[in-house]
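You will see two complexes here that share chain A, one where it goes with chain B and one where it goes with chain C.
After this line comes the complex of A and B, so read on.
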């Protein structure tokens, strides 16, 4: 917490405390529809944080992050369906497999100097062919989908992640807070400084003795592992997985959009981006409901997102940070 | 830097939020009415075309059900944007806005997400289309499906092929199985491989050809199929490739005895419009309507008036029936209480319906297991039911008229 608040003005501390309190109390304050929107917001904030670690901190662009979420989702769901292994146990397999996939991609990319757009293509390719492979594995439900058994319970069963939306809300809130704390700690560590050096100028970093390969591999491993945990939550919340939608590129784009809009490379960018994009979609739905033209909402939503990216190319968070004077002047820029 | 002071920004934000909240509330206030039915369909995104076609069923239902004396319903529209997350949020929103019943949602993943919300909230969900068998295997008490499951669709297809062979007194001895190599095509190929042996079909598959549904040229695939010397083509395709394959059949002067399609493409309006007289002949095995039922005729007439030049199809038929089920339950329950409505839906017994089979009634799992698919044949630009015999309005044309003699 101390690290998160480092460099923050008193106003920022008050705002953060207020936001935290509001989020903790949200299930008691809002109706189930708003709660379901908040759940989506937090999911995108969490996965956005994981993706941000790879691009924003370490400078490695992944456009196939649905791969890691999907692997985590499928691994935990399949273990639950076939062996009744609770998600808290399945999460280890989920993380291990996601990290393994990330490490393979990272090894290929970094060992053979595949950079930038080509590295991004590599991540897309892995996500796509994993989706195709899963569609052919009956044990994983094939293209017909993997369904988790659902039942209405009188009480929340946290051990098996079976229960009410409120329970899922608190789980994803905890995950998001945890990811924020972890990223904050990493960002301020020696490793975080190495990542920043690599992101800014890889050759210069290498010349100064930064172990490029190791640092980048760690970034990919942590990012894919966190995404895998997100996948476990995703599988148990939605209870059905289809390879095309789980591993598809459109899902990958969906997962990173909040971070892009909020501010790549910042700690609070993914959270702010998620809090802007998802509610913006819901407001657009309300605004366009009476128009009666199919697809008008996504059209205007797309325009709004394009406008944000156009007018705030560094993301909303750096702009907001300066506008509200959230720093105390001891640090260079928004975190 | 920003062109805006902090104070201005805070005022603008507060103003925006204040303006937005009433908008959301207005949307809710507008949804008061008799029986509020939340119709959730993928009306934008990758499934937009299908979603909009499905909505035609909703537009047709209003006047017909009113004529039949069913009580008034208010439709609350929801767009899943072809996305599971949105589907779930839309279901929550419509329920919060006062929906008494939900209808949707075509895609099995999106439908599953909606079903969970419906079950948690105790609001009945009537599934118009979604074939994944697992949906009604979860022990849900508020989820009802009036659409056959994927295994039923496949089994019906083979049963009806045998019925047709018996009626025409002929059967192919060999077929070439061509299928798209996307997830749908691959799943169907797997399903056919598993189900076909149970039916002791008179033909054997001499060649299986998988191809890319986005291919621009299928001449090699068709030449390969022709060279196999098979009597008929067994197809799992989509629209564009169905058109390409037909053009190649004409070009390569090969008219198989039959084209037996177990997927979309061959019966779609665009196929018929594009190929004209060359679209005649293929048989498709699909969940369909019984043209002999009185309500089907009403629906056909209304459809012809509203959408001239197109054929009534599966999407519209089953969406129409979902609303019929809701209206019927409301009439019998006499209340909009969701629990009472669910109970009424559970005891549905509608025989004056449109789909093929004894009518609409649900088993203990909430599945209408009496539904029967149809075999439809393209004849003169129309889609004619040729099997099962109880619903058939014409005899199957066997073999297909040669392309070069049309």
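After this line comes the complex of A and C, so read on.
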């Protein structure tokens, strides 16, 4: 917590405390619809934070993060469905498999020095490949999908992740806060400084003795592991998994959108981006519902995203940070 | 299964692959010169397919005859897109360019959805069920025409880049943008032209493709991925490579669809992509850049 606040003005501290208090109290303040929107916001903020670790901190662009979320989701869900293994145990398998997949991709990519757009394509290829493979494995539900037994929403069972939206809300809130704390700690650690050096100039970092391969592998491992945990939550919240929608490239794009819009490489960018984009989508759904033509909502939504890229190319958070004067002048730049 | 069966499938795949290759050329030209990865590739092609469908329905013109009209229309679209929008993100990081193109893709999909609805639509030409018998082979007439049309357009494109002054100027911009500016080339105009040429290829490929498949708005993303696979396999920025990659993917998908389950055929392409990325990242015909 101290590290998150380093370099922040008193105003920023007050705002952050207010935001935290509001989020903690939200289930008692808002109706079930707003709560369901908040749940999705926090999910995207959490996964966005995990993805940000790889691109924003270590400079490795992954466009296949749906793979890690999907592996986590499918692993925990299949173990629950077939062996009644509760998710608190399944999450270990989920993380192990997600980290394994991340390590394989990272190892191949970094050893064969595949960079930039090519590395991104490698991640896409692995995600799509896995999606098609899963569609052909009957144990995982095949192309028809994997379904979890629908829960009794009146009774909260935290150990089995079966229960009300309020319970899911607090779980994802905890995860998001935990990811924020972890990332802020990592960012200021020696490893985080190595990552930033690699991000800014890989050759220079290598010349100064930064262990490139190891640092990049750790970034991929942490990022994929966190995404795998997100996948467990995703499986048990939605109760159904389809290979194409879970592993598809459009899902990967959906997962990274909040971070890019909020500001890549910043701690609060993923959170701000999620808080802007998800409600924006909801408002557009509400506005375009009356028109009754398919495609009106994504049309304006796409235009909005394009406008953000064109007019706020470094993301919304750095801009808001300066607008609200959240820094205290001692440490440069928004965090 | 008898050998004829495989040969027939392979020939069909080869002809379809030529159309894939033409579409991939559009991606390769844009990447090779402007260094922008066009993630709205498939969606622009789908736009061309719908344009061809409209012309067929309202004017009764055969897709192959309306090909120049569609290509010209999409040339204008690409020219304006580069000059008014894409140009502004040229200095941004990869992921921002990617996001902009993905957003444009979403806008295009929804535009098609609003105008044409979500259903698959196709057209029927008079020669749809006729075929040529060449020895033991029986090849659909539409596929032969499609392959020949794709080959013609690709040939025109090669000739343009090899002999036309503008084509040479564009290649100069791709090889060395700073040098090109030093000798007085108008980079902004040439980049817009390049993007236009790339999307014109897509228009042509879309018009031809409509002979072979039905079109629906959600077709775009799969064509984008397919074109990426082809271009990576052939070599980013290499024009013959794109055509070769198209043929390879066309044939291997057709044959893999016979040997394995048809639903596994794209897994095969992705597997091939991973192998090429690892073992020969510059592609089969690309120049190694390190």
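We take it that the second predicted complex is superposed on the first by the 332 of 335 C-alpha atoms of A that agree within 3 Å, B and C clash if a C-alpha of one lies under 4 Å from a C-alpha of the other, contacts with A are read in each partner's own complex, and residues count from 1 in each chain.
Just so it is clear, a contact is a pair of C-beta atoms (placed from the backbone, for glycine too) under 8 Å apart; a residue touches a chain by one contact, two chains touch by 3 or more.
Please read all numbers here as calculations on a predicted model, not as lab measurements.
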Task: Check chain A with both chain B and chain C modelled on it and let me know: fit or clash.
output: clash
Message: Under the stated touch criterion, which partner chain does A:203 make contact with: chain B (first), chain C (second), both, or neither?
response: neither
Message: Looking at A:135 after the superposition, I want to know if it touches chain B, chain C, both of them or none. Which is it: first, second, both, neither?
response: both
Query: Is A:164 in contact with chain B, with chain C, with both, or with neither (first, second, both, neither)?
result: first
Task: Could you tell me if A:313 is touching chain B, chain C, both of them or neither one (first, second, both, neither)?
output: second
- prompt: So, A:40: does it touch chain B (first), chain C (second), both, or neither?
  reply: first
Message: One more residue to check, A:125. First (chain B), second (chain C), both or neither?
response: second
Query: Does the superposition put A:294 against chain B (first), chain C (second), both, or neither?
result: both
- request: Could you look at A:238 and tell me whether it touches chain B, chain C, both or neither (first, second, both, neither)?
  value: first
- request: Please identify the positions on chain A that touch both chain B and chain C, taking each partner from its own complex.
  value: 132, 135-136, 143, 250, 294-295, 297-298
- prompt: In their shared complex, at which residues does chain A touch chain B?
  reply: 31-33, 35-37, 40, 132, 135-136, 138, 142-145, 147, 149-152, 164-165, 238-240, 242-245, 250, 254, 281-283, 285-287, 289-290, 294-295, 297-298, 319, 322-325
Task: Note which residues of chain C are touching chain A in the complex, please.
output: 37, 85, 88-89, 92-96, 98-100, 102-107, 109-114, 117-118, 217, 221, 225, 228-229, 232, 261, 263-264, 266-267, 270-271, 273-274, 277-278, 281
Message: Quick check on the complex: what are the chain A residues that touch chain C?
response: 55, 61, 63, 108, 112, 114, 116-118, 120-122, 124-126, 128-129, 132-133, 135-136, 143, 248-250, 253, 256-257, 260, 264, 293-299, 301-303, 305-306, 309-310, 313
Query: For chain B, which residues are in contact with chain A within the complex?
result: 1-2, 4, 6, 9, 20, 23-24, 26-27, 30, 43-46, 48, 51-52, 55, 77, 79, 81, 83-86, 88-89, 92-93, 95-96, 108-109, 112-113, 116-117, 119-121, 132, 134-135, 138-140, 150, 183-184, 186-187, 190
